[in-house]
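Here chain A shows up in two complexes: once beside chain B, once beside chain C.
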Partner chain A sequence: MKSTALDARRITPLARARRWLTPLAWLALLLLSAGMGQLEWLFRLIEPDVRAVVYRRSGFFALLGQHILVVGVASLLAVVLGVGAAIAVTRPAGRDFLPLVSQLASIGQTFPPVAVLALAVPVLGFGTLPIIVALLLYGLLPIVRNTLAGIGSIPAEVHEAARGMGMTAGQVLRQVELPLAAPVILAGIRTSVTINIATAALGATVGASNLGDPIITGIVNGNTAYIVQGAVLIGLLALAVDSGFERLLRRG
Partner chain B sequence: MAEGRPPPNWVLLSLMLGAAAAWLTLDAVSVAANRIVPGTPHSALDVMNGWPALLLAVPMLAVAFLAWRPHDKGLRLSLAAVVALLTLLPLWLSAATSVLVTSDMPQARVAIGASLWLLLFLLLLALIELRTRLGLSRATAWLLLIPVVAGWWVALSLWLEPLALLREYQARSDQFIGALGTHLMLVGAAVAASLILAVLLVLAMRRHAGVRRVGFGVLNFLQTIPSLALFGLLLAPLAWLGARFDWLASIGVGGIGWAPAFLALLGYSLLPMVRNIHVALEEVDPAVIESAHGMGMSRRQVFLQVRLPLALPVVLEGLRITTVQAIGLTAVAALIGAGGLGTFIFQGLGQAAMDMVLLGALPIIALALLADALFGSLSECLRPGGAA
Partner chain C sequence: MIELFDVTKRFGDETAVDGITLRIEKGELCVLVGTSGCGKSTTLRMVNRLIEHDGGEIHLDGQPVRSFDEVTLRRRIGYVIQSTGLFPHWTVARNIGLVPRLLKWPRARVRERVEELMRLLGLPVAEFADKYPRQLSGGQAQRVGVARALAADPDILLMDEPFGALDPITRETLQHELRELQARLHKTIVFVTHDMDEALSLADRLVVMHQGRIVQQGGPIELLHDPANAFVESLLGGMDRGLKEAALIKVGERMLPLGPRLLASERIAYGASLSQALSVMLWHQVDRLTVVDEEDIPIGELSLRRLLGARAS
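Right, the complex of A and B next:
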């Protein structure tokens, strides 16, 4: 904690703001593009023959908000559950479960998200809930795997030194293990979130309304302009989030 | 531990107690008179006064008991019990079906309920745990699954005709075989094409740094486009090409169909493939290469006899990732009329016919797991120094 405070003092506010320039630029571009209505002339070039070239069934800001909400909720749950499970199985009491959990994490990765989504629908019904569950399950695995790897790669001497200094098990976890493993854990969360931003579009097939909606409508009606609109916004969202994570990682 | 006794295996203990609890409390099957009406749920205890269900709970509790003081012999016994349970479950299901489905219900459908799914899942977890504890090889694990598969096969072909999934399959078996074939063809073609292209690309990348930078940039960018969108975006250009050139239209290139699906799959498959092949060739220890040169090997010999064998496991890992990913993505391709097992998923979702959704989703998961296991075994065999 102390070292970051020192760093912050050494770097001028302007330079600090500049480091966030790339993610902020993507974010700005994303918000600008959500005002698709202004770009009608551009999409007219792609689809000159159809009447409606801009998706208007619901506003892009609303769809974007829904998309972020779904990915956000699923990712938050995945982080809590994934990091929690990985911490639990690396404690002495839960160590028995470690082989099973790491095997599960690698098996779960082979489950295609579409299939998980399809299996969630009979249980949870149509709407936003099945896509959250599918994203949660799919996003859990990179987080569990990276947290296990991050905690596992800490040398035993570090543990011993911390214990020797009189730290309790909780202190070792909070002040030694988690800070040391943080970059690897963060990388796992980054993978999980960026995959989920793209996968969430599938939710439109089970009645969840998000940025996948224009894409599905575009495919059904053969309107490429709709598809482009959905794809561009999802792509920009993924780029904004990904570059934000990159910043966080480089600082850590 | 103080008395020299092993501590309890909490994993097996909790898995088995959970399995027994789920088995005896939740709904095991539901019976519907036909495809349209909702089914009536039955718990395992409802069937034949619950005796068969209680009988099946005995081995679960026995394994839990053995896990309290685990020793090698006990673990082997537990393994036998779990395999026996997995083999007996289809027989129980057959018995339940014969009791619950009376002769006045010719269209009856029996659906598998929560308790049975959960039991299957927990038993498979127990199998994984036992395999790890006993240090069994992959081959032994495969052998263990033979009686299980045989049990299900016999039950499905003889007694489980009213099973909803089976009825759904029988109603469209031709369609299913066709879809499976299309699915496998698309995956196979995309993976094979991406392997060839990736090798060429990596060879070019190793010569020119510029190609490497641009190549990885483009491939990384492709991955951020959602699969759904990439499929969609290829529709219009291919429709235009199909309309423009007759010979393209004659081989099926058009707005919808296999062409956009194949191209999108190829695009997605390239990144993991290129990355793994690149890493595989780059990460061979320079000292090894140098000593090979020192032994008087030519460049060609070094590549073929040193680099390639050392790189092969990593390349296979790339093939594994790509194949598993392509199996899932092909399901999405059904939305643009490419066929494949995804057709059943999306048709089923559209008609709210969940049996049909399962008919698409379960084989896709099975295919993905199978591909994963197959490539896993293969790279284990090819690892330098032989099988681990």
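Right, the complex of A and C next:
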């Protein structure tokens, strides 16, 4: 126990790199798999009879990039909105809205993303926008809930001392509340992003091209190889991101 | 100097502080004492405006506290609370340096000041500077709390039951250290406690509060001799009052120079209290003690009659 503080300082660059080994391994595997156009013979084993066994309508790297972009934009918006709203309702001025915000976030989670897509398309048209909206709504709850929990778990006496020492409200937020709540907030973002990586595949149904494309096309045409290709890449992406978050969290 | 003029605070229908008028001189250690809910903590927290008063006026060195920006005001006033309120994600050194950093002192000066305070509070820099609050014992954590409050060298120190959560031995050690610290620093200290022994041993002046009002104020001996009413008397320990008073008087004040007689077999330190001397007499069933100085050299003697004479004088 006593040695942990010292150990943390004595970390060599090599050891630091080793801590990131798992996420990096997943990332490498993901990038390798995106080159699976070369593995035609393998997928031929799954679907011996169809004409094309590797999804070629667009490259896997392009689909992966699109997928990351959609999830990234939606998650970024969810973090800004979610953390922002949670901070706002824990300030003295916003406290009245606390129940409202936590309820709204819960309702966002109860809407199935498919239903949100169905509702959003008539308003926003086909393409990337409706799926971003759906992911944003779906991913908001874990972030809002965890930010509220993280800020709420800070001991009252720490607050009292911070104010009593003469910190301004902004200093209390930046130097005390956010750093102390960070692990819990990060855990919420992790849940949100990981769920959304999987959910984003639905975007393929409304014309947002991403890793959901091979899956949807595979379902429509009865081509299992396509489905496997999309699913494997989505799975690897989720694992890479999730283990990256785990690494970040364990540092704190 | 802190002055309260007819200060009142209400929470809803309840009046927590009811028209208090109080003047705390510069360099004085004033203890607010009373049962829980008597308004002593509320009174303290109105001074640094963690709670705003509803009526009356509070002045610091002649200026109303409301005329200060509250953040500026609090940085000028040291504040120590029972549960320390140390920031768990900061090291000891960083916790202590908080207010100087808020005041934008240059880095080197902050570090110098932090190390100075750690030495003052008996926290070896090499051992403690990089520790986190969770690695400290209760007594060490509260030393850090006091160091943090003193960091920017404020004239005024507010202490809200700072030793209330500590075990009796640590508490006594810290009380002793606070007395020594105060003898050197001469801060204006407002100290809140419900522990009458603590109040008696620390206070230049006690302010006894009950139901939001001041019942009595005065020096420890003054209160012991002349409690204003039955409530104060019971707070002071009723029949134990004699011992409590004896605890406030040093052996050195009552001893006689060494006489021609043989030295008594039992010894008592010059700085010990009369109650401790009495206890030694009871234990060894003797009526005479040899008084020794710090180096255990006999310098006088104390008889039971001299000891009792403390009341008669």
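To be clear about the criterion, the second predicted complex is superposed on the first by the 243 of 252 C-alpha atoms of A that agree within 3 Å, B and C clash if a C-alpha of one lies under 4 Å from a C-alpha of the other, contacts with A are read in each partner's own complex, and residues count from 1 in each chain.
In this section, a residue touches a chain if its C-beta (ideal position, glycine included) is under 8 Å from a C-beta of that chain, and two chains touch if they have at least 3 such contacts.
Keep in mind that this is a model prediction, so the values were computed, not measured.
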### Message
Let's test your reading of the overlay: on chain A, do chain B and chain C clash or fit side by side?
### Response
fit
### Message
Quick one: is A:A115 in contact with chain B, with chain C, with both, or with neither? Answer first, second, both or neither.
### Response
first
### Task
With the two complexes superposed on chain A, say which partner A:V176 touches: chain B (first), chain C (second), both, or neither.
second
### Message
Looking only at contacts as defined up top, I'd like to know whether chain B or chain C touches more of chain A.
### Response
B
### Query
Given the touch rule stated above, what does A:P155 touch, chain B (first), chain C (second), both, or neither?
second
### Task
Look at A:R163 in the shared chain and tell me whether it touches chain B only, chain C only, both, or neither; answer first, second, both or neither.
second
### Message
In the overlaid three-chain picture, which partner chain does A:I227 touch, first (chain B) or second (chain C), both, or neither?
### Response
first
### Message
A:A238 in the overlay: touching chain B, chain C, both, or neither? Say first, second, both or neither.
### Response
first
### Query
Is A:E40 contacted by the first partner chain B, the second partner chain C, both or neither?
neither
### Query
Measuring by CA atoms in the overlay, how small does the chain B-chain C distance get, in Å?
8
### Query
Do any residues of chain A touch both chain B and chain C, and if so, which are they?
none
### Task
Report the residues of chain A in contact with chain C in the complex, numbered from low to high.
2, 5, 155, 157-168, 171, 176, 179-180
### In the complex with chain A, residue positions of chain C that touch it
48, 50, 71-76, 79, 81-89, 98-99, 102, 130-132, 135, 148
### Query
Of all residues in chain B, which touch chain A in the complex?
9-11, 125, 128-129, 132-133, 224-233, 235-236, 255, 324, 327-329, 331-332, 335-336, 342, 345-346, 348-349, 354, 357-358, 360-362, 364-365, 368-369, 371-372
### Summary
Listed in rising order, chain A residues that touch chain B in their complex are 46, 96-97, 99-100, 103-104, 107, 109-115, 118-119, 121-122, 194, 197-199, 201-202, 204-206, 212, 215-216, 218-219, 222, 224, 227-228, 230-231, 234-235, 238-239, 242
